[in-house]
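Note that chain A is present in both complexes that follow, paired respectively with chain B and with chain C.
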Partner chain A sequence: MAEHSKRFPINHIIGFVLSIVLTLLAAWAALGSDLPVKWIIAGIMTLAVIQAGIQLFMFMHMTERESGGGHVPWNMMFHGFVLAAIIVAGSLFTMSFGFTHDHDDGGSHQQEEQQEEHSGH
Partner chain B sequence: MKLDEFFVTGEPLVYGGMVSIVLVTSAVIFLLTYFKRWGWLWREWLTTVDHKKIGIMYILSALAMLFRGGMDALMMRIQLAFPNMNFLNAQHYDEIFTTHGTIMIIFMAMPFLIGLMNIIVPLQIGARDFAFPYVNALSFWSFFFGAMLFNISFVIGGSPDAGWTSYTPLSGAAMSPGPGQNFYLMGLQLSGIGTLATGINLMVTILKMRAPGMKLFKMPIFTWSTLVTCFIIIFAFPILTVALALLTIDRIFGAQFFTVTGEGMPMMWANLFWMWGHPEVYIVILPAFGIFSEVIATFARKRLFGYHAMVWSMILIAGLSFLVWVHHFFTMGAGAFVNSVFSVSTMLIAVPTGVKIFNWLATLYKSKIEFTTPMMWSLAFIPSFVLGGVTGVMLGMAAADYQFHNSYFLIAHFHYVLIAGTVFACFAGLEYWYPKMFGHKLNERIGKLAFWFFVIGFHVTFFPQYFVGLDGMPRRVFYIIPEWMPLNVISTVGAFGMGVGFAIFVFNIYYSYRNSKREKTGDSWDGRTLEWATPTPVPFYNFATVPHADKYDAFLDMKEKGETTFEEEKLEPIHMPSNTGQPIIMMAIAAFASFALIFEWITLAVIGLVGVLIMMGIRSFDYDEGYHVEVDEIKRIERDARGL
Partner chain C sequence: MSAHELKSGPLEYRTQEGQMSILGFWIFLAAEVVLFSTLFATYAVLFGRTADAPVPGELFEPGIVLVMTFLLLTSSFTCGIAIHHMRRGSVKGLMTWLIITLILGLGFLGFEIYEFVHYSHEGATLQSSAFWSAFYTLAGTHGVHVTLGIGWAVLLLIQLAKRGLTPVTSRKVFIISLYWHFLDVIWIFIFTSVYLIGMVV
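Coming up: the complex of A and B.
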């Protein structure tokens, strides 16, 4: 309902095309390329960061005056990151007791002992 | 699947439930047809985007759910009254405590509070509707269909029976086959969409649509509590969504996230559940705090003591609520260091909560208290809630928790905070704002009768449970031993007292509808905040002219200056959203898809999901920009409402 000054949304078109290109590139890297696995992972991670940047700056109102020059979205994203950190770090912290990936038939009696050892860290 | 597997068979109580569902449904259909009210129902309610009507539907559904959860509670109390009772068998008892807990938290407490927020928050901040009225309708219908889906489980397919916490591995496919647990997952998932959307909706509404002049720190305290609650909802609910989705994938598509076999981590469910679950209890208690603050300030006839401290303590509680979740499973064995950290953070929450308690007391100090029914609920809340809070700190001490954990001491504790906090607040808020919603007050004499039955019944029910817990009675047992009998009998008597109190409360709604004096002004209690500035009944556009809110307690200031929300010379056409049937249709299709997924009919579920996507597509190309209410019509409505 606000009046649009620009008739043709050139920014959105570029962003849209770019995001599709990046997605295809990532899909090709994962499925069609013969690169080593490490390179594929590093590559699609980089593409993901660029993709996120495109989404944020071309679509998500990061630079608009109405959102306080991006203040509001940055604020929410900051809290989102804090929460994600709490979830990941908190889960590792509380769930890392006596849990090992080697199948040495641990059982519950051994858990108790490990707990004692881990309790100091 | 055969028909006798589809319906639950063999339980007389369940047959009774089926018969009453059929009878009530036919009665409703008959009455709507007989009085030719189908069109009215569709136009005025099912397609509405008006925040006040949606709020009323939320509250009605919540009252129905309170009835359902209450019946579950009474059945449990009968079973537990005497040793060797055979009223319910073990399976049925498990199902009933599961549905009791889930319904009371997800489908009673939250919708009740969200209903009150729906009606009151836009009025308090001088807004004409939500920021996204369409989404608000969508939220309500997603909650409604989620609740119906969960509730139908006891006659179709079988109820979930793994507790409201639904701990894995018990709730996994291996140990709980069949649709029961899926009802829990999909019911919560569907209504969770609505809760999350409401959180965003209300937050945007509060941040962007306040009356001119109303800075954040001039907002009414209930609006503040809503804003803080929305913040918690937005950050906590995605955790539940993900956890539910993972368990759904586990159960229906054979993944191994929470299973014992295949490298799963069953305890991760408890971890994720309580990462949402702890903030969740603050989602249901912070709005309650807001309601009590409003009621106490109004009937103590004083400005709320320590407004800034109240707001900051809520913000602090919200922040801390994300840092204490492990105290729900100290006995999982995470080790002394982990438990100590969460023990300390838990006790920290007592500090801002204590600040709030003292601020309420200071508001009451040397004031002239008016003993209206909402005020009595608020006054009963303070000491009762303190009992719950102090025992909460006892439970928060990790070492002591090894004694209290999963005993009736815990049961007594959380009923003391949830009933004395949330349920008292729901009753207080409903009675306080009732004249604003329906144009007449609830009868005070009957209201007080309901109050005394409920409050005394509440203490008689739950106070003995602290002691029976210390005597070693664990939660979720369906047989008691003779040593626990005396206290359990007292408990059961109290539970029926609460039931009588609720019945009187519901009767009061009917009685007051017939007999109460109609409100002439919009200001029923000599209120302080903007919701009382509108006439009663509130016109659909809320404010003919949006007031300028310069001070805290804006309406008090307006009354002194002689301003109203109807300044004839400032009238302009009002832009309002149009009603739409899309939300209810979209969510009905989503409910169909969820139902199919519950029974693992994948084709039907996919068809339903495609239907939802089509509805979203239709919405995307919906160019309905609403309509304008012309000045002449506003003048007519306002003069009529204000008797000018």
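Coming up: the complex of A and C.
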């Protein structure tokens, strides 16, 4: 990877254009399209993950040889995000009770079924 | 592509200390991912629990949020360009692009402060409901990170002006670039799961 000797930072420009396009796409999906809410949420979360990948791989030099071929950064980010997913999904799973949302779809996107428990609160 | 000796390759990786510092910073970033995940989890759990305060769909405005997102995305890009110049050995290019990055970061902060003030005038404050507490904690923690990043970068700019590019200063600049890109990663998730979902649901 002779990135640092290139005159023109082509990787950065591709990454930048891609992230702008993905942001606009996500904004359009959320605000301009009339897809079902669940599809919108799944779609824009996927776009967010792709954008995070662009930042990590195209901007943060994650895979360059000097950082051990990206071995350490990749490990750190991978385990960080696995923990993050467990914390977010686990919290939603354990904490979504005794509350019915007034909106048509539950606010929590990971929530598949509405729990209708009438625990007195 | 020949094997890199420590006499070539990026300046910030040439010393053992530089390599270890960068490795350590990745560990810090992993911890930051987990820190923010707890805030995201709290926000997701408390979503919709606005009590008597306004609901997010009434207050979130696509325009200002998109402007903030583009400011931060662009600043992440210019920060990448700054590192590109650093690796070509140009202190002037590095400092110029770093200053542009900071101006964009300040613009982002300005909009965020304006946004918070605007929301609190509409009756959504830290105290008004569980939802808004979670919102301000999440967005505010990110804002504090941006503020710290700006202060940190200003100090580094002073050091760069005094010392130029050495293995030490280039390692420091490389690390703050990782930090800055990382803040953009967090913002992408705030933009998507807080603002966009808040406006959809």
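FYI, the second predicted complex is superposed on the first by the 74 of 121 C-alpha atoms of A that agree within 3 Å, B and C clash if a C-alpha of one lies under 4 Å from a C-alpha of the other, contacts with A are read in each partner's own complex, and residues count from 1 in each chain.
Methods note: a residue touches a chain if its C-beta (ideal position, glycine included) is under 8 Å from a C-beta of that chain, and two chains touch if they have at least 3 such contacts.
Source: prediction; values computed, not measured.
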Partner chain in contact with A:Leu25 - chain B first, chain C second, else both or neither: neither
Partner, of chain C and chain B, that touches more residues belonging to chain A: C
Which superposed partner A:Gly15 touches (first chain B, second chain C, both, neither): second
Contacts of A:Met95 with chain B and chain C, given as first, second, both or neither: both
Partner chain(s) touched by A:His79 [first = chain B, second = chain C, both, neither]: both
Common interface residues of chain A - those touching chain B in one complex and chain C in the other: 1, 72, 79-80, 83, 87, 90-91, 95, 99
Residues on chain A engaged by chain B in the complex (per definition of touch): 1, 72, 79-80, 83, 86-87, 90-91, 93-95, 97-99, 111-112, 115-116, 118-121
Residue numbers on chain A that touch chain C, as the complex places them: 1-5, 7, 9, 12, 15-16, 19-20, 23, 26-27, 30-31, 37, 40-41, 44-45, 47-48, 51-52, 55-56, 58-61, 65-67, 72-73, 76-77, 79-81, 83-85, 87-88, 90-92, 95-96, 99, 101-103, 105-110
In the complex, chain B residues that touch chain A: 207, 231, 235, 239, 265, 267-268, 271-272, 275, 322-323, 325-326, 333-338, 341-342, 625
Residues on chain C engaged by chain A in the complex (per definition of touch): 1, 4, 9-10, 13, 19, 22-23, 26-27, 29-34, 36-38, 40-42, 44-45, 47-49, 62, 66, 69-70, 73-74, 76-77, 79-81, 83-84, 87-88, 177-178, 181-182, 184-185, 188-189, 191-193, 196-197, 199-201
